[in-house]
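One structure is given here, and the rest of the page talks about it.
Note that the chains take the letters A, B, C and D in the order they are written out, and that residue 1 is the start of every chain.
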Amino acid sequence: MMKEPIFDVAHLAHIEIYSPKVEESVWFFKEILGMEESHRQGDSVYMRAYEDFYHHTLIITQNEEAGLGHVAWRATSPQALERRVLEIEATGYGTGWIEGDVGHGPAYQFTTPDGHKMEILWEVEYFKPNEEQATPLLNRPQKRPRRGVPVRRLDHVNVLAKETNKNVEFLENALGFKVRERILNDDNTDVAAWLSSNSLVHEVAIMGDALAEKGRLHHICYWYGYPQHLMDVSELLVEHGYKIEAGPGKHGVSQAYFLYVIEPGGNRVELFGDTGYQVFDPDWKTVEWKGKDLEHAIIWYGSNLPQEFFEYGTPVRKKAAAPIK
Amino acid sequence: MMKEPIFDVAHLAHIEIYSPKVEESVWFFKEILGMEESHRQGDSVYMRAYEDFYHHTLIITQNEEAGLGHVAWRATSPQALERRVLEIEATGYGTGWIEGDVGHGPAYQFTTPDGHKMEILWEVEYFKPNEEQATPLLNRPQKRPRRGVPVRRLDHVNVLAKETNKNVEFLENALGFKVRERILNDDNTDVAAWLSSNSLVHEVAIMGDALAEKGRLHHICYWYGYPQHLMDVSELLVEHGYKIEAGPGKHGVSQAYFLYVIEPGGNRVELFGDTGYQVFDPDWKTVEWKGKDLEHAIIWYGSNLPQEFFEYGTPVRKKAAAPIK
Amino acid sequence: MMKEPIFDVAHLAHIEIYSPKVEESVWFFKEILGMEESHRQGDSVYMRAYEDFYHHTLIITQNEEAGLGHVAWRATSPQALERRVLEIEATGYGTGWIEGDVGHGPAYQFTTPDGHKMEILWEVEYFKPNEEQATPLLNRPQKRPRRGVPVRRLDHVNVLAKETNKNVEFLENALGFKVRERILNDDNTDVAAWLSSNSLVHEVAIMGDALAEKGRLHHICYWYGYPQHLMDVSELLVEHGYKIEAGPGKHGVSQAYFLYVIEPGGNRVELFGDTGYQVFDPDWKTVEWKGKDLEHAIIWYGSNLPQEFFEYGTPVRKKAAAPIK
Amino acid sequence: MMKEPIFDVAHLAHIEIYSPKVEESVWFFKEILGMEESHRQGDSVYMRAYEDFYHHTLIITQNEEAGLGHVAWRATSPQALERRVLEIEATGYGTGWIEGDVGHGPAYQFTTPDGHKMEILWEVEYFKPNEEQATPLLNRPQKRPRRGVPVRRLDHVNVLAKETNKNVEFLENALGFKVRERILNDDNTDVAAWLSSNSLVHEVAIMGDALAEKGRLHHICYWYGYPQHLMDVSELLVEHGYKIEAGPGKHGVSQAYFLYVIEPGGNRVELFGDTGYQVFDPDWKTVEWKGKDLEHAIIWYGSNLPQEFFEYGTPVRKKAAAPIK
C-alpha cells in the first residue's frame, strides 16, 4: 500500500531578503507594489501585501549585498511542527530553536543542503488593521491600498542551488514537499524542480546555479491573480525607470502568467498575474520536461527570458570564465 | 494542545446531475462551456472540462426532474479512505460500498443528514487525450477546445438543506471539512456555510432551503479563473437565449467573481471568473457574517441576486403559501 | 445626391459640473479616479485625466446645488468654428462670444433648446507636464498616476431634457452631430438618443427627463478602456463608502461596459470599461430600439439599473405626485 | 489661417491578401480567429469578422506568392470620392475606375508611389445575417461566433516601402491622411509613419523596407479590444502549431497591445488587444520618435520583436548580402 502523503507544512509564511538600499527597496514595494509597512526594528523593515493575514510576509534587511535572508514555513499544527523538527534534526541540517521573533513564536531553524536559511514555526501574530485600514469585506485583512498597483499576497520563493537533486530530496523527505514539475537533463538529473506542500503548483522552486554558487536567491514572488495588473504595474515600472527583466508572458511550467523585475536592492521579484493551475490530485505524477518538450517549458507564449535570467541571482556573482552549464 | 486537522479528503472528484433534457444539457455544456464528452452509458453522459485530469467530472443523467444525482470526493490515500469510511459508518449515514463505476474504482456511498447522495473513493481513471487533443503543455491534459468559451475545471457544489447546522457538522466531523465562512442568523444558527478540505474557500456550500425541502441542489460550479471569460460567455448566453440569473458580480463571501445561469435541464450552474481568495492558514478562524455586516456578504459589487436565487433549486418546488424564512 | 456630412465639431473638450462639496468632489476625482488638479481659480477647481491632452477636461465649481455648469466642444478648425457659430446664431439659441477662459481661447456660448449651457471653441491650451510627471511615452501627456485607479480620458456627457427630439435635432442641425442610436416610444418619438461628431458611439446623449424638468445632468463619463479597471475601482468605491448605483454591466446601446457612481457632490459619474464599438461608416443608419427589442437595449448583461437611474439627475428634483413618463 | 483638414476618407474598407495555401489560410481565419466566410468566387474567398458591417473585409486570393492584393478605402460621401479621384489623378498614380466588384460598387484604383495597389469607393454592400446568425444586439451585425477566439473587426494595414517619405506624402496630399506618429532617422527622414483619416491612431502604416524591395506587405491587423483575448488566442496558436512571431506586448508607438502571427499562407497578421489611444484633437502634432527616445518607441513593455520583424514581409524576399538599412 502507498505511503500516505505528509501534510505537516501548511505554507510559506514569510521571506527575508537583504538589500544594500533598504529605503529604496521599501519605496518600491510600498509605492509601486502597494505593500504596507508593518514594523521597523534594527536593520529590518517588515512588510505585507494587503491580503496577507499575518503580521508580515516580507522582511527587508540592510546588508552589503542583496540576497536571501531566510525563508519561513508554517506547520499545520504544533504536532506537525514537532514531527518535522525531528526529521530535520535527523538530516543534520538543523541549527536549533529560536524563542521567537517579530510577528511569530518559537521557530526551528535549519538550512537546505545548499545553505539557504530556513525556519519552521507554528505560532503567528495576525495583522490587525487600524480604523482607516478596516474593511467591511470580512475575509480581507484590510482595505485595498490606493497606492501603486497593489499585490495581494506572498506566493513563492525560487532559489538557486549548486546541486539541485540533493536539495529537492531534502525538501521532500524532511519537510514533506511534493515535486509538482521538474526540468531534466538528458541523464535525468534535475535542472530545476517546483515543489509545494499545498495546492499551489509551487511554493518553492530550486534551479541549478549556472555559476555553481551556493545559497543564492533567484526570486521572490507576490501574487496579483489578475492578468491586467501585470500590464498596469508594467506602466508604473517603465515610467519610473525600473528594470523589467522579462514579461508579461506565460510559463509552460506552472502555467504562471509572469513578470520579472529587479527591485532597487538588486533582488529579482516575480509578479504573478493569474492562478496558473493548481494540484488537487493527491496522487499527482510529477510533470517532467526534457528533450524536445523543453521548447514549451520555459515560455508557453509571450515575452522570452534573456540569458541573464539563467545566470543572475543574489548575491550577484560574475560568470566564471568557463561557465558551468 | 489543539487537535490536528484532518487531511483525508483531497477534493471534489465529480458530480452527477439529473436532467429531463439530456441532449440539450449536453449541447449547452459542450458548445457554450466548451466541455468534452468522455463517454455515454445507459441514461448518462460523462463530461469534463479541458483542464480536468480525471475521466470525467460531470455526469448528466436522464431523469424526469432536474436535481442532484450524487457528489464524489476523492480521499488523499487508501488509508484516508478507510478512516473516513469508519467515521461515516459510525454516523449511520453510510449506505455501503460499490465495486466501482465508469472512471473510478471502489466507492463508499453515503448521504448527508439532509439526504444528498455522496461517495468517497480513491482509485480514479485519468483522461487520456487522443492524437488531436494532445498538447505540448505537459501540465494540461488536453488542448484548449476551440468551441464556446471553455471552462477549465470543476470547482464546487452548493446544496440546499432543510437544516443547515446538522449537515455542516456531518461534513466537519465525518469527513474533516473546515468551515471557511458562514452566514448566521441573529441566534447564531447557520443560514449558510462554505466548507473545504483544501485551500479553496469552498468545495461545498450548504444553504438553508427557503422552501424547507430536503436534498435539493442549488448549483454546481465550473471555473474559468479569468474575469474576461465571464463577459465572453455572457455574450454567448444572451445571444443563444439562455437565462443569466445573475452576474457578473463579486460575492463578499469567498470573493468569487460569479455568473449564474440555468442550464437547459433546469439546474443552476455557476461560472467562476477569478480565484477569489484561498485559505492556506491551517488555523483559519471561520469568517462569520451577521447583522449589519450582511450587507456586503452576498454582493460585494456588481449584479444583484434576484429573489429567485434564494428559492429556486432542483428539483424545482413551489414556494409554500406561508414561506419558511 | 446625398448631402455631405458635417465635420465641424471635433470632440468634447471639457465639462463643468457644480458641486455643493467641492473639496470632497475633488478628493474623489483625485484619490479614487486618479485625476490631476490643473488649476484653482475663484470657486472652481480644474482637473484632467492623465491621458487628457488639454489643460483640463473637468471643472468643479462650488454651487448650492449639483448639476451641469457647461459643456465645451472643440471645432475642427477656425473656419469650422465660424460656420457653426453662424448656424447656432440662426437658431436663436446663441448667447454670444467670450474672449476666453482658463485653458482656452475665444468661445461662442449657446444653450440647447432645453437650456443646457454649451460653448464651442478652437484655441486650446495644452497640458505641460512638470519634471516628475514627464514620461518617455511620447504619445501620453504624463505618467500614469500611482493614486487610485486612474481614468484615462474624458469620454462623454449625458443630459436630461424635457423634450428629447427638439434637442437632438438642434445638435444634428446646428452642430452636425450624427444620431448613432435611439430608443423610441411606440409613436416613434425619442425616449433617448446617442450622438457623436466622430467615431465614438456617443459624445453626448439626451434622455427624456422623467420628472419633466429642464436642463438637468444625467452623468458625465470618464474612460478606462480595460474591463478589469471597473472591478478595481469598484473595490475602492465600496471600501470607501461611495455609492455604486449600477454596474459593472454591459449596455446594449453603445455596447459600453459601464459603472455608475454618485460623486460626493451628488452628480452621477459613469466609468467606461471598454471601447464599446465605434462608428466608422460614413453612412451609418441610426440603430433604433423599440418594442420587444428594448429588452436588450439597456442591459445586454450584468448589473441591472435601479429605478433611480431613470429619475435621478442633478440638480436633484423630487418626483412629482403624478410622474410624467 | 490654417488650412482646413480633409475629411474625405472615412476608413479602411477591405484588404486583399495573396496566399499560396488558400484553404489553410481560410481555416486559420475561420477556426482560430473565428471569422466568417461570406463568399467564394474564382480564386478568392471573402471573409469578415463578426462585428464588420460590410459584406467582407478580407479577400484571400490564390497566388504563387503571399503578399498584398489591394487595399480599399471608403470615402465619406460620393462628393468626397469625386474630390479624391481628381487629386489622385493629378499625381499620376491613378489607374482608373472599375464598375464594381463583389460587395461594392464603382471603385477608383491607384497605386502608392511604391506600387501597393489601392482603391477608393463609396457604394458598399452590407452584411445580412441569416436566421441563425441574427442577434438581438441591434448594433452588432451578427452573433459572436462560437469558434476559436473571434476577432471583432478589421483594424489596419502596414506596408513596407522602398522610400517611406514619398509614400507618406502621397497619402497625406492625395487622400488627406494625417500622420499621427513617426520614427525618424537622425537626418529626420522617415523610418516609419502611422497615418489615419479618423480617430484611430493608424489605419495604415508605412515602414521602410529593410531589403529595399517595393510593394511588400508587412501585416494586416484585426481587432479584439480586450487584452485577455490575446492570451486566449495565444493558447490556440501555440497548441495548433502556428508561429507567434512576437507578443503579447505593448508598443510605444500607438500604445497598441499587440500579437503577431504568421498565417499559413505566409502573411503576417497582427491581433490588437486593446484600443491603444485615439486622436480626437483636430490639430494633432505628429509624435516624433528619434535618438534616445527610440528605446521606448517599439516596445513599451512585454515581448520583444525579433530581427525578423524588421525584415520579413510578403512576398518573401531574401536579405541582400549587403543589407540596406
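Just so it is clear, a contact is a pair of C-beta atoms (placed from the backbone, for glycine too) under 8 Å apart; a residue touches a chain by one contact, two chains touch by 3 or more.
Remember, predicted model here, so these are calculated numbers, not experimental data.
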The pair out of C-D and B-C sharing more C-beta contacts is C-D
Matching A-C in over half of the residue-numbered contact pairs, the equivalent interface among A-B, B-D or A-D is B-D
Expressed in whole Å, how far the mean CA point of chain B lies from that of chain C is 44
Per the C-alpha means, the centres of chain B and chain D lie apart by a whole-Å value of 46
Chain C and chain D have mean C-alpha positions lying a whole-number Å distance apart equal to 32
In chain C, the residues touching two or more other chains are 136-137, 226-228, 231, 235, 238, 296, 300
In the complex, chain D touches chain A at residues 227-228, 231, 234-235, 237-238, 244, 247-250, 257, 296, 300-304
The chain C residues in contact with chain D across the complex are 1-2, 4-5, 7, 10-11, 51, 53, 74-80, 136-140, 152, 181, 198-201, 225-227, 252-255, 274-275, 277-278, 280-282, 287-289, 293, 295-297, 300
Within their complex, chain B touches chain D through residues 31-32, 135-137, 143-144, 146-148, 226-229, 231, 235-236, 238-240
